[in-house]
Structures are given as C-alpha cells and as structure tokens.
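Here the structure comes first, spelled out in structure tokens, and everything after it is commentary.
Note that the chains are named A, B, C and D in the order they appear, and that numbering of residues resets to 1 at the start of each chain.
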C-alpha cells in the first residue's frame, strides 16, 4: 500500500469529475479557494476553444477537511461539469441510449478506436468521455493539495512553456533564473518565460487557427527547495526519476520526458555532462551546475528538480486539415474533422505537469518522513534538511 | 497487489545478485540457457572495461521451474559474482570493517553523496555497491523470463543504438525495417543498425578512451506483435506509456525517454503528427505510419511499440579529464578519477531497455488476460487478437 | 497495482460519503436502484436507534455508468448525509470552529483517544467522524457493484446472524440449507435464520435496551457458486483466506474471523477435520462435507465459502451502564454515557460482511480471468468452470 | 508501493528457499546467527516427524548486510534444503520428468486438487512442493529481521500454545503474566505456558501418534511495547487488525483468528466488553484491562497486542485413519495415507505467527515513522512515544 494514493473519476460530459486522495496528513491548512486557483490556471491559455470560457471549474471538498484543516482522512474533491444539464440525455446513467447519437468514427491520434476494441463498445463516446484530457482537472486539484503541503516545507513548483510548434525560447531563456521564468510565464497567455516573445507565439497560434491546424510544444516544470534524498536507488521502482517519468508520460498527448539536460546529455563527453561537487560552510555540499536536473542515482540531490515534456499537437483538427479514418460499423473511410477545437493545450499541460510533479514529490516526502500529523512530520523534515547541510 | 511483481537484490561486489519474480503463469517453457543468452548480450559492447571480460554471468534458477517448465510459483534467479572471492574482506556480511578502505570521496554524477546523506553512511561504498548498474544484471534475467512468455504469443522485443556521443545513425537507418535494424545490431559490437557505420563508432570510442573521456548515447527498443489494447486510459497509473517511461527512466544514467517520434512531434503541425486509420479485410484496422510509436490514449494500438532513451555518459572518468568533488570527512576538494573504466555502456543499456519493456508488456498482458495457466491464457490472447482483427 | 481498487471517504456528519471503484469491467449492467437495495438492507435491524429511521441512504452514480452499463472507467458513488443541513456549523469545511462544541471526552472501545494522539487533535470529533461505522455505507455500495458482477456468473452472497449476546441459533440452524437460512434471515428483523427464534432475540434486545446495555454477536456470510481456484498458495499475500480475514476484521467492532468450522477444527482429530474428495461424472470432483468453509491451500475449492465473524457490543452505552474514561484536557475522569444509541448492530454488520466478501471474490475473479470487457471475461469464466468439471 | 515488501520463494524439495525483503532501513544491526535462532525455534516441537530432525535450517545472507549492519538495500535470505541432493532427479530444473513418479492422488485438506485444476498440472507434486508449510521457513527468516528492528525500540514479540486438540490451558494460564507465559513456552517442547501441564500434552500427542491421528490447536502471539497509533481507521485497508488477520489466516492450516477476547466478546454485554480509560502522570493514558487485545479503531492503543489463531490438524494421516479421495487420472477412489507424518505443528505455527506479527508491526512502524536511516527513525519513534505519554 502506498502512503499516498488517489483515484480520480468522471466522464468529460458527465455530472461531475471526482477524486479521492488518501494519505494526506492531518493538520494541513487547505481551502477550496487554494485549489480553485490551480483549476483556473489550468483553464487559461491562448488558443483554447469555447469550452474553457464557458466552464470555470470550482471544487467542492466533500470530506477530509474541517475548519480549513485536513483531518488525516481521505479528501473527496468534486468538480461539477457546468455543462451537464445539456448532456443529461446523451450521458444518462440510467435509461436507454438515443441510437442515432452514437459515435462510430474513431479519430486518429485518440483512444477512440483501441478503446472500442478493448472494452467492446459500439459507441465510441464510451471511450472518449473518459480518455479526454478533461480528466486532468482532478489531477490538478489533487496536485493543488500536494502543493499546499510542499510549500509548508519550502518546496515550490512552477512551470513555463519552452516551445510551441517550431517556435522556441530555449536559448533566450537561458539567462533568466527559474523563479523569474515562472513569474513571467504566469503573466503570459502562452506561459512563455520570455515576455518579449509573447506576441510571436500568439501570432503562430492565430496562424494555425486560420489554417485549421493544431500545435504541440514543450514545457518545463521545476521544483525548488527539494531536500536531497527523495527516492532511492535500492529498487528500480523506488527511483524518483522513474516515477516522475511515469507521472508526466501519463498526461494525455505527452510523448517525451527529460530530466535536466535530457537527450542533450547523450551527445556530450563525460567531462561536460556532470555536475561537480562543492562544499560551503553554510549550505554544505552543492553544485554550481544542474545538468542532472536535480536527480542522481534515482534520488533528488538538493538542486532544483527540472523536468521537460513534449506534447504532440491536439489530434482534433478543423475542416481544412482533416485526417483520414474509417467508420467502425460500415468500414467506410471518412474525414475526421470538427467545427472548432483548441489550437494548442501546451500551457494547460504545463500546469498539469506541475500537479503531477507535486504528487510525486509529496509521496516521496511522506514515504521518507512518515505519516499522520503534519506538524510532527514538518519537524522531521526540517531536522533532516539541517542534517543534509551538516553532513 | 500487482499481477506480476519482482524484487531484485545484490551488491555489486557481494556474493550474488538475486531476483524473485512472482506472477509468471505455470506451464511456460523456460531454461537457464535462455536467460544466460540475454545475460551475455548485456555483457557485450565495444568499449567496456576489464570486468566484463572477467565475469561471464550465469544464472541459477533456484525455484519456480521444474523439468523446464514454470510452476506458477515464484521464480528465484541467482547470478553469482565470480569475483566475490576477492571481496570477502571488504564486503563481509559479518565481522568488522577495515577502516582504511572506506570510501570518503563522492563521485559527481553518481548516487554516492546523496546516498550517504540519506542513509546515514560514513563509508560511501555502502551506496555505490547497490547503486551501480551491475544491478541491471537481474533486470535482464527477469526480462528474459518475460521475453520467453511474450514470444509464445508472437511478441518480439529488440533494440539497437541510435547514437553514441555526437555520432548518430538516426537518418541513415530510416529506410531499414525494424527487424533488420535489430539483426544488424546483434552483429555489431556497438549495436549500430547500419553496418557501414560500425567503424566510425568504434573509432569514436577509441578516441574517447585515449582522451580519458566517456560517452553517452541514444538507443531504441521496439516490440512487434503487441495486440491493441494493453494499458488503459481509465486511470492515470494504468497508462502503458507512463509505465514504459518509468521502466526506462529507472535505468541507471537514463535522462530522457520518448515514445514514437517523441520530442519531434512537439514541433509539428497537427496534420503531420498523427497516424491516419485504415482498414483491410484481413488485418482489420491499421495505420500506415507509426508516429505514435504504437501507443495512443495510454494503450498499445497494434502498431510496433517504439521507445527511445537517452543515456548520459558514464560519470567515472579517467585521469586526464577528472571532475572536482569534496571529501565527506575532511571537506577537502579532490579530483574524482580512476585508472580505468568503461568508455560507454549504451549498447548494454539497450539490452536492459529490452528487458524493461518486456516486463511492462508482460505485466499488461497478464493484467488484461488473467493468470495461472499459460496454456489457458495463450488461448485467451489468441482469441482476443482475432477479435481485434474482426472489430 | 491491484486489478480492482477502491477508496472510500466521508465523515459521519459531513456533506456526503463517497467511493471511487476502479477496475470494474465494461458492459456490466448496473443501476442505482440495485445499489440502493443493498444500502437499505444495511439500515435495517431491530434495536437500531433513531438515526437509521431518519436517514434512508440513496446512492448517486457520478461516473463510470452510462445507460445502465459500466464503461470500464472508475465509478463514483456518492451517498449524501441527509442530516447534513443540521451540521453545517460543526462540520464546516472552511471557517472557524465553535470551540465549546469540541469533544474532549474519549469513549472506551472507540478510536477517539488513540486517534487524537496519532493525528495530533485536540477535538476528538476529528477522529470519531471518520472512525464511525457510518463509513461502511460506501463499503456496502461498492460491495453491491461487486455482487452485481458476481451474480452474472452464478455467484450468490448471503448472510445471517448466528448469535446476539448469549443467544445462539448455531445448533438449531444446522439442518437448514444455506440458501434457506439466508431467505429466513432476509425476513427477520434480527437476521436470524431460524424464524421460530425471532421473538427471543427481540426480547433480549428489548431487555438490553432497558438496562442501557448493548450487545454484540456472531454472523455468517457465505458465497455459493464460487469456482475452484480463486486465490493462490504461491505467495502468502495471494491466499484468499488471508484476504477474506483482512476484509472482515477491518469492519468496525469485529474481533474474530473464522472460515468453515474455524476454531472448532482446532479441537478435532485429523480424521474428523477434513473434507474427503469424491468424483461424479456430471460435476467432477466434489466434497460431501464443508468443514474447510470452501477454502483449502489459500484457494477456493468449489464448495461454498463460509465466513464467520464476531462483533463486540457497541461501546456507546446509555446512562445506567456507563464506562469510565478521562478528559484529554483536564485529565479529570468522567462517565462515558449517552442519551440514546443502537443496542446492537450485528444484523447490519452481516450485510457489511457480504459486501466485503463480494469485493474479495470479485477481485480474485478479475485477477484470475483478466479485465476490460465483462462479456469477454464471462466467457472465460464459463469455460474455466467447465474445465473444473472435466479435470 | 508499500514501504516494506517481501517476496519469498522455493519448493519444499528444491535446492533452496529464498526471500528478498525490501524497505528495511540502513544501520540496523543484523546477523545470520540472530535469524538462525528463529529458524531453530520453528523447527522444534514435540510430535514432529523425521524431517525436522534431519534438516537444521541455516540462513545465508546474500545481500543487504555488510559488517553486521543493514545497507538499506534489499536483503536476500537463502536457506538451502539440505536434503536437496536426494531430490535432484525429481525436482530437476531442466531435463525430463520420470513419469512414474508423478503424483496423481490429491490429499484431502491440502491444496493438491485445486492447485492441479487451477494451474493445469497432471503431476500434483507441482502443487504440493510450494503449498507445503515448508514455505514458512522464510517467513520466519523475514520475521526475524523485523523482530531485530522492533526490539531496538522496545517491542517484544512472543507466543505460546493455548490448546492442542481438546487439551487447553486457557483457564490455567490466566494468572500468569504474558512475559512469563512466553518464558515457560520457550522451555516447553509443546510451547505450553503452564509447565505442570506439559506431560499431559505430550501424552496426548503420543496417543494420537499411536492412533495414526493428527492434532490441531490454538496458539497466542503477543507484542508488548507497541506504541499507540499504528494502523489507522481512515481507510479500511489501513486498519492494523485487518492486516494482522490477513497475516495469520495466510499461515498454512489456520482457520480462525481473534484479537483480544475475540469471539468471547460477542457474548458479553457492552458494559463488560470494553477497556475503561485511566490516566497517570508518568505513563499518561492507560487501561487496566485488555479485552480489545491492544487494538481499537483499527489502531494499536498502547496495550499489548494479542492475537489468537486456530490451526486445523495436519491433513496428512497415517495408515489407520486415512481419508478417502479420488485419483485425478483414473478417477478411482483411494485411501490417502502415509507411512509417517508430524502429529501436530501447532508449536511451530506459533513461531510462524510471531514472524507474521513482527512483519505487520514493522511495516506499520515504517509507514508511520518513515524510512531510510534506522538511527534517525529510532529518534522519531522515541519522540513519539514520549508524545503519547504527554498527550
């Protein structure tokens, strides 16, 4: 049994999205407002279609919190789908389906076809309702709870977009410190850490929209203040880089994950690829570079954890640039196309990435420092951080 | 409880490396010779140092197999460290340590320093003995058992090296089919799928050796014959791409993982980034491209699964190009250097990658098709494969 | 990762009780009415206090079911606490506590005191809200989903009360077949399988009520139609008797669990303690006795699974017979007493026992036969049942 | 992922029994001698057949321990089957079976028949080799490691036999304190805590042996010094009584488990069934009775944990009193009988019970107090114990 577990649930157009988190200690301060802020961050982003504007997600905490503090008991988070009243027919829990509204056309790049085969469905809506990235709403809510916990011990998690389509700020952002990149991204509709480039990115999105295209991109998530020693090399599935990779690759449309310099390290000579070790009286051991992205030997090493992920373009395209596919009933080819869709979801995915990193680090923290009363655990963490400095 | 579990164990210079695998069905044919072949593959590779030549790993099966068939009971695999007799003093289970042989100098890029802090050690040998990539020996052994299972239902797993340092065959190999790449790699000392390039790669390694440098690289692992529908979108931790990413990122020195076209997809327009769906009477639904690397919506989609991983250069360097670090006791800086070391371990890592992919796919298979008697499970799999063609 | 997982949540007087179940296959027929029937069964029972009459639990299915069939995606079950409007002050998620209403008096036999120590609470309501047996509501809801699945393959789960306080029908029921015991119990306010004894049991409860006492008892849960071979001897934590024992002992106030003849077997000679094996052309191997309660070697053996559990009396007593305890703040002794309480909850606990047995068997079934499409899995199960007859 | 995991393996007549334990912190003192003492305790007991005398189990530690201290890495324990040389033909890993030696006669009360059906075997030896209680050898070895850990923080685990067949010391032992019962049991060949009764028990065993009978019995395992607050009520599968029940019921031949007064509590009035709460300046809160057996609300409450288990008689009987069964091939009935067998294994099972309780408590301890460096964790535990006294 893991020390921190959660399950989420909910169809995209069902009555509500829900999550139950188990293992959050008692006496952690938590409010729905705190979670709502994160939900709102996920809903921003230039180039999102209509739905994001209609629905402003709000969480209801149904259990596990009393007078603004956690109880140690499982926390239920519920986010109603505000659009539900328009879907009661198509998504009814009971009753009979309206056959003509069944979806028979599987979209390329989506779970539709394989989901239908796997679960034995003739209506592909049964797949897409759950496979949709709408599911990440509750990941962000769960991640918000974890962030709340992490910030109490000085761990900050942030993100920014590195590239959208072929436009990249990778080089331009090099001189900007992590925290500042994050601050800039928070103010940018495209989450770009280099303010001067904002307009270029928006123009690209506008252009893609006109062309009926969609765009992917790369984002970076970081965590600062993480103590050395989370995760472990003693068993392959305790390595925190592995867990981070799973957490990120499990986000819809993510096709690549890097930690630190990632693939770039593969091309370097050994003498250029590692972080030398230094020592200072105040801070103990430290590095001057962070090529490893804060993880060595499957453990955090005290430097900022840096994760980069690649998102493929949203597969739902508009009229002009449709993709070919085949109807599952008639076996007739058709053109997969839609009236409208988001152009890109990279900024939102970055926020989801923050949530997943928060979950992984929070779990590693509780695994290392134990459970139950957050006041007690915090003390243990602060003592350990002191130990890492004095080692 | 997972349907397929394993734990491995063993220090690099201890008496033996061991693994226990639980959940392999009964009636699977399995021999130690089969496993030994995989162990030997891991030990090959141009540019390996002395140890690989000294030690030829051989597995002993201590449980779970009788008369060449699995019993459904846990399988114990043991690989003795042939060098153990030279280490009985330093690695003694009982008795007293010889203090002068303690390791106080943490190597950059390794687990040494953080491991010492985390576990409270003053002798860093306690860390490096387990954090070493020697641990992957039993991963390969466990992976061999899974491969044995997979090949019974037509699933083949293979690998090749794409690049070492700055030398790459990424473009050159494009026209070569997967299976042929694999065949070529099997004959190459550097696991390169393009035979003509072999010499170039070896020269690079020779050069690096002379310079006292080490090299990283990129490798690709594939699985063909995987039925559509392994893994699932219904819960984030059931997504098979997430599990693959964890499995690969958990390999020592891996810093990046991609599925299909990976990071490249982030730069493409939506109309160029997905695999259109076609249908034929014999084979049912299929794709003509495989940009997704065989995974959509967290599930295998019936196309070959393709995973790429980036390995950083071995951090142990030789005299000329040493890295700076600090003694944990005296806090004096020192130069981390060694007399000899491997130049590169990318070809070996590719074989480890095969093992990890085999484990992930075997587990997903047993999760989907159930457990116990392999003869019965095979039938279920063949029936389902038929269903995927007739859907 | 288990193939069937669930988390439940909810405080006793919070807004709602919730559960998310993950791993239920697609295409299982399921209605809220079916679940409500089970919820109602849990709320019956002679000798329950006021609350059971006020609140009639009703489930809302928030996800995972569409047009009366499961989607393979996680199922969210929510049962609102109808009394919630009277508790919005005391159980508010946000805002400030009303200090005078804090609970400082820990009740003997409850989680109050230890919960306060463990989680660092000064208000023991933070403990009792979650430790309460009210939590079993969602266990019953989850169990109902599992029962629905089991009945599709001919597995029936039922229960009856064997004793309350010192009154027992253990001997009297011996000649009555399992199914009939169950039928009788369903008609009895005390769930007694011997109708003639009903009045005696009620009188005992009346008497206890007058005396301000509470009563425990013993109940039996059975499952018929379970195929041989669920669970396994290959690893200790795969044994189904172990899982059953955990599931039952985890029900509030349960202090003992037996399978088959249980403790009685310990006093018998070997020749009297086992079930001889017979064989018939139609049914294959079978037993004429069922001392083992349907489990041998950690596996179901094809005979009915029979589990017995002992429940201690409800610790909340009324005025006359209070128990001594000590205030956590003042350290002053006090008398733990209440105006009113249930006299006994044994009949309700039996229904909870059914739910837990359903969960364990459903999980074992999915582990053995695999996942995803219930139509496909059912076929596998029927084929296997045929195999068990032909072995 | 659990914080403490282990897998064991090994066939009864295979080359060796093995276990890998993962999650034991670093810097715990551990020797093979310590484990061997526990292995020897399991092998004692009046009324054991020949094998116990032949084989004296000795553990080899293959990993995870260096110079008498744990490394935090997985610990491999191996116990060779000394008789292996006589079984190399029948239990060969490779090669061909000698058909005539196949076992076709399933024994009642064993896993033989169901195991054959489940795993698709025609030779039932494939089942019984693993289903045998020989497997508990490594449970005891793993338990020894956990005991080593527990005793460092003042937790002692012991056991004694309460009854064998119809002979019981339940009443006679009431006045003897727990620790003394244990001391007495350690000196008794039948593990009886009342020395004067020893001869009676031995005579019963002699008598049974003469009659060709076997005997079951009841044993009790206790843990003293367990701090309040291990386990939790927040989720059903975190309750420590549930985990204890699973751990005990999973021991071969166990059919019933009780905590504290167990089934007896079901017959009592509420006012007689609970433990009143007291408080003293030195020790804080405490109870004068321990009817709950140290567990309330799914958590340890600071009083000794007391578990009782019922073992059915060994199903292997001798000539005179054989049980009927049916050959799996010919379907001919036969008499299941053997030349020789143990008469009773209750004393050994008690030692296995100690091991399982040690595992459960150690895991709960690490879950609550965290992981990695035992020196650090011990401090946390001592601080918490202080807190429980000052609450």
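Please note the rule applied: a residue touches a chain if its C-beta (ideal position, glycine included) is under 8 Å from a C-beta of that chain, and two chains touch if they have at least 3 such contacts.
Keep in mind it's a predicted model, so treat the numbers as computed, not measured.
Chain centres computed from CA atoms place D at the largest separation from subunit A. Ranking A-D and B-D by contacting C-beta pairs places B-D first.
In this assembly, the C-alpha centroid of subunit B lies 37 Å from the C-alpha centroid of subunit D.
Centroid to centroid, with C-alpha atoms defining each point, subunit A and subunit D lie 45 Å apart. Touching two or more other chains at once are residues 7-8, 22, 72-74, 118, 130, 229, 232, 234-235, 237, 372, 376, 387 of subunit C.
Those residues of subunit C lying in contact with subunit A across their complex are 5-11, 14-20, 22, 25-27, 31-32, 60-68, 71-76, 78, 91-97, 118-121, 126, 129-130, 372-373, 375-376.
Against subunit A, in their complex, subunit B makes its touches with residues 7-8, 106, 108-118, 127, 130-131, 135, 139, 163, 165-166, 208, 211, 213-218, 228-229, 232-237, 239, 241-252, 254-271, 273-279, 285, 287, 292-293, 296-302, 310-317, 321, 323-326, 328, 331, 333, 387-388, 391.
Residue ranges of subunit B in contact with subunit C, taken from their complex: 1-3, 22, 72-74, 229, 232, 234-235, 237-238, 366-372, 376, 380, 384, 387.
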